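Have a look at these structures, which come just after this line.
Next come two complexes built around chain A: one with chain B, the other with chain C.
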Partner chain A sequence: MAPKLIRSLALMAMFFMPIQASAVLKVEITGGSDSALPIAIVPFGAEGIKAPEDITSIIRNDLESTGRFAPLDNQDLVSRPTEQSQVNFADWRLLRSEGLVIGKISSQDGENYQVQFQLFDVYRGQQLAGKRYQVPASGLRALGHQIADVIYETLTGEKGIFSTRLAFVTQITAGDGKKRFALQISDADGANPRTVLQSTQPIMSPSWGPDGNQLAYVSFENGKTEVFVQQLQSGQRKSVASFEGINSAPAWSPDGKKLALTLSRNGNPEIYVMELANGDLIRVTNNAQAIDTEAVWSRDGNEIYFTSDRGGRPQIYKVSANGGRAERISFEGNYNASPDLSPDGSKLAMVHGANGGFYIAVQDLKTGAMQVLTDSGRAESPSFAPNGQMILYATEQKGSGVLAAVSVDGRIHQRLSESGTVVREPAWSPLKK
Partner chain B sequence: MNRYKFSALLIALFLLNACSGNATKDGTDDVLVEERNGASTSGVTGQGADGSDLGAEASVIVGEDGYAGSELNDPSNPLSNRVIYFDYDSASVRPQDQPIVEAHAAYLGKNPNLTVRLEGHTDERGSREYNLALGERRALSIRQLLMLQGASAQQFRVTSFGEERPAVDGSDESAWSQNRRVEIIYIGR
Partner chain C sequence: MKHPIVQTLLAGGTSTILHILLFLLLIFSFDMPTDIRQFGQPEVEIVQATVVDEDLVLEEMARLQEAEEKKRAAEEERQQKLDEQLEKTQDELARKEQEFLDMQERAKLDAEKLKQEAELEQQRLKELEQQRIEQEEARKQAELERQQAEQAKQKAEAERKAAEEAKQRADAERLAAEKAREEAVAKRKAEEEARRKAEEEAKRKAEEEAKRKAEEEAKRKAEEEAKRKAAEAEAKRKAAEAEAKRKAEAERLAAEKSRAEAEQALQRQLDAEAEQRKQKRIAGVLDTYGLQIQQRITRYWTKPANAEAGLLVTLEVKLIPGGDIRSVRVIKSSGSEIFDRSAENAVYKAAPMPMPSDPDAAQKIISEGIEIYFKPE
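And then the complex of A and B:
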């Protein structure tokens, strides 16, 4: 009797298992650039309050994580000004800090906060940027990222990406030995992860809609591949492709009205374009002997890059979004797959197979030159940051899937570390509109 | 004798369960959709049986010890072998596996009311989407051989799991070689 009871208790425990804990990612710089810009970020003055978020740390971590800034250690700060009148630029020049960030945070009621910051050029003694904000306590973290974006854009001339998000798939092996899968979203720094879909079956290929409000992905929840589109705010979702055979590799057109898909409904995996409003399909590729998959749209929406083994081994090709003759794009080595196009349309990131390993490589579409950016040999699923500066990808460390990022020039390497959970298939969101 | 009858009943029950699919499903906890703010769950979906459960039930049907007399379970019969393995990035059946495929083709030809699910899988290397397509190519290559040798088209369901459902976890050739496979799963009629 007793063993039976234990068994049914165990069974019950399975059903009441809590929702899979969200992954907590943390950015670590694993290789940097020696040309990082020295910058002093003075802890923001807090007038008699204890803010629920350490805004200064968020700004500092964001800037440091790019490998392009070298924030001074707090103990090296010569003084702690919170207003321009307290700044003595000569002191900061001695520290060879080129930029200086100061700020203040205050609150009357502990619920709403006033935050202001100023960014100075230390050598000219001039303000480069300065803003004042009013946010609820729950908005302080997002505001930290927003301020980091302003500083980053002011100093580099490129868009900051600290207010963007990452989508990725996680896998855990539960106590019952079964695998559980989740589609999660986090802030760009890995913080604030939340699960948007949980399943006992694999999930694949998340793809952000261009408005950043919806995700398309592949789920095996009904025993085979099926493509869903999910609204992130409401959690509402819809199955858009569940034909016979493979339904996979969703990719949004730049205007968000169409989804390129891989379907094998006619017996062989081909690229199709679906009009989302009515579900109408156009077949783009037609090659009965080959695998055609992993569509990516050109920035003008007129062409589609994709992976095909029509030449015997997987390579990247390009075809008109209305179909027609495909043109081969990648030529180096005998395995190139999983293309992602840079936001300016000038470069293609891909998985490059060589010597039994798989690496992230980037190809200049004008010159055709390819550069291999990673060296671990276990890289997959590259995804461009929306400012085109970094490429996020999945790799393996100590037998577990982790996310990493590399700058497009291959000089800066980041790892988003994670414990106990396999993390893979990252997709970087578009910039906030 | 009594014991034999009991096993037969069990098998029948399993069959019934496998065919009815989601009749007894607690499938609602298969998939949870959460709101963006993560506060609570909403829009719980997940109709339908999940593939792994079907698979487990299906293999119990043919794998039960008590199912005496079945060619499928006689270890000396090639039909007891229901996993075909492949070389890296290949969908060609190796010469040593031909007799196994032939045996299944003949068996399906003799039993036209039997259906099988062909599940294609790959190892973990390379693109996941490409591997999904490669898994299907493997399953279709087995289907084609089975049809050339006596089975008919309506006896098959083809599914690819790509690299998403490895038979063995691990990142070495031993794991990879066991993951590059097509599983022939008899699902009754």
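And then the complex of A and C:
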């Protein structure tokens, strides 16, 4: 009797309990693929003209260079629409392409060009972005970068950096055996370089003003180290620091009103802050036993990161911009130098010495964790891209200095310049204002 | 004896006739002097009649009017004198006629003289006549005055009588008015009385009617009450019957129901056991199927490079039997449009999805869909 009763109760309970299987099937996805986003970039229709620039290639290279996008090969394109009415989204879905870029170029006179493009979400069949431009022939390349910026920002949610610029120093050895130094500026992809300063003496440490219109740099042109500030538009320049001893490593404060400098005017290289309006100096570090150099400002302008060997070996420290006690930041290994702060202030890029080599590493300032991003062993002068996704640096290839970039996660590596000239001391410009 | 009126007439007529005769005499004397004879005859007869009647008149007068005897006497006397004069004159005339007849010649001569004398005489006669008329006038005036007095007296009497009559009439009217007033009062009283009686009658009738109605009402109520009680009793009886019937039916139904329930419970138990086995089987299939889906979508998910741990998007995915996508819907967004899109694209790219071979499980997937959570680690 008793077992039967229990069985009945159990059955009754079952009637009143929701059946477990009535819940929808639930699936959790955590892994995902870190691979690049598949995107189809259809060559823009040219409508019977031969444009002086291949805009489609500029866009494709820009996007591909970030490692975030995997453009389909041209031979894999199922069709080549140039207008929305020609697009059959199902085709592009079969290719598993998430984005589709189409466009058109036309010109009446070969001087002025009309360019339009559209970016589609293939799976929803929706336009995500679309613009129409009119530019002179000389502006086509810049327009390609601009369109790549729009596509990049639309699909990643981050600012594109394809319209920014790079500053760097080149060194050539002329036929007479004399060296020629040049301060140059190029597009973000390394193309289109133009010289802003030439010298037979070394040029070092270019630093972009926060407005992107001026550079500070060190020039030996007068037989000693000297810091200049040069307006890029007018070419006008001004010597701001030519003190006794070393004048080096200029760094702009975020508001553009001050320059942090390394000066040895009092015997030992120390960090100073100069008020640009009147040249007033504040001494920030005071450590006669050590070299303090390579200042970089915090985003709020209240602190300065710098390299110091006060601990015996070069490490990164942080100090108030008004001076005071410095705090050590880097602890991994016995060599960390040349810091650069990410635009969001969360990471510090640096040159990390290990095993006799020098690598680009990035340290999370919150956790202190450091990640080495490069493996060449000869990297120097890291500089964050203004969107914080890439780090530009100089390295050596076949005995020649070249520019390279690596994504902050270390997955993407790019070479920005061909060998043949020695390229060093790169600096990535801020975003265009 | 002669009648007095005739005598008066004769007396009055005598002088008149005499005058007429005298007048004729004069005329004929001048126009027809040849007819003398006829003229003398009638004169003689008239004189004689006058003498005879005179006494009779006097007597009569005296007897009739003693009150005016004196006046009459004077009148009579004067009349007598006149008569005497007249007699004398007549005598004279007769004598002169004698003389005229005798002395025609002389008459002619004396005609003028005569004529003058006649005229004189005439004048005297006229005066006499005038006197008589005046006396007559006075008499008539006296008579008139007497008559007027009499009339005034009569008028006063008439007025007195009229006053008397007016007084009587007024009295009569007053009496009539009094009588009318009394009659009106009487009438009003009578009417009031009649009305009072009518009211009393009406009241009495109304009371009677009310009483009658009340009695009827009471009777009706009593009847109704009786009916109602009867109906109630009937209803109660019926209800009791129905209740008894219902109870019996309910007991029967309950017995049936419990029997059916017992059967159903057994059936349910069997069904439930079968369902449980089925759900268990489906659950097992779905466990495996979930892993398949997870692997496939993971393979197709291009996780955004900047996708940080902590992001979570929930999608509801509906499939069609072949495993293709019917719909993908963001149930709960991660807040990042790009992250959400990457998850949706992963689902689209993974299609067509594999489908379980168990038809129950496949049906369940199709009808209920799949919830997919994307949460980067």
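What we mean here is this: the second predicted complex is superposed on the first by the 398 of 433 C-alpha atoms of A that agree within 3 Å, B and C clash if a C-alpha of one lies under 4 Å from a C-alpha of the other, contacts with A are read in each partner's own complex, and residues count from 1 in each chain.
By our rule, contacts are C-beta pairs under 8 Å (C-beta built on N, C-alpha and C of every residue); 3 or more make two chains touch, one makes a residue touch a chain.
What you see is a predicted model; the values in this text were computed from it and never measured.
S.K.: Report the partner of chain A that touches more of its residues: chain B or chain C.
M.R.: Tallying touched residues of chain A, the top partner is B.
S.K.: For A:T421, using the defined touch cut-off, is the partner it touches chain B, chain C, both, or neither? Pick first, second, both or neither.
M.R.: So A:T421 meets neither chain B nor chain C here.
S.K.: Going by the contact rule set out at the top, does A:S253 touch chain B (first), chain C (second), both, or neither?
M.R.: neither
S.K.: Which partner chains sit in contact with A:T164 here, chain B, chain C, both or neither? Use first/second/both/neither.
M.R.: After superposition on chain A, A:T164 lies in contact with neither partner.
S.K.: For A:S383 in the superposed arrangement: first (chain B), second (chain C), both or neither?
M.R.: neither
S.K.: May I ask you to decide whether A:S65 touches chain B, chain C, both, or neither, giving the answer as first, second, both or neither?
M.R.: neither
S.K.: Check chain A for residues that touch chain B in one structure and chain C in the other, and list them.
M.R.: In chain A, residues 15, 19, 22 are touched by chain B and also by chain C.
S.K.: Would you pull the chain C residues touching chain A in the complex into a rising list?
M.R.: 268-269, 272, 275-276, 279, 282-283, 286, 289-290, 293-294, 297-307, 316, 336-338, 341-346, 348-349, 364-365, 368-377
S.K.: Which residues of chain A touch chain B once you look at their complex with the stated criterion?
M.R.: Listed in rising order, the residues of chain A that touch chain B are 15, 19, 22, 185, 194-202, 204-205, 219-225, 230, 232-237, 245-246, 248-249, 262, 264, 267, 269, 291, 293-294, 307, 309, 313-314, 335, 337-338, 351, 353, 358, 378, 380-381, 396, 399, 425.
S.K.: Over in the complex, which chain A residues touch chain C? Could you list them?
M.R.: 11, 14-15, 19-22, 24-38, 68, 93, 96, 98, 121, 123-124, 155-158, 389, 407, 409, 411
S.K.: Going by the contact rule set out above, which residues of chain B touch chain A in the complex?
M.R.: That would be residues 26, 29-38, 41-43, 45-52, 54, 89, 125-130, 132-134, 136-137, 140, 158-162, 164-165, 171 of chain B.
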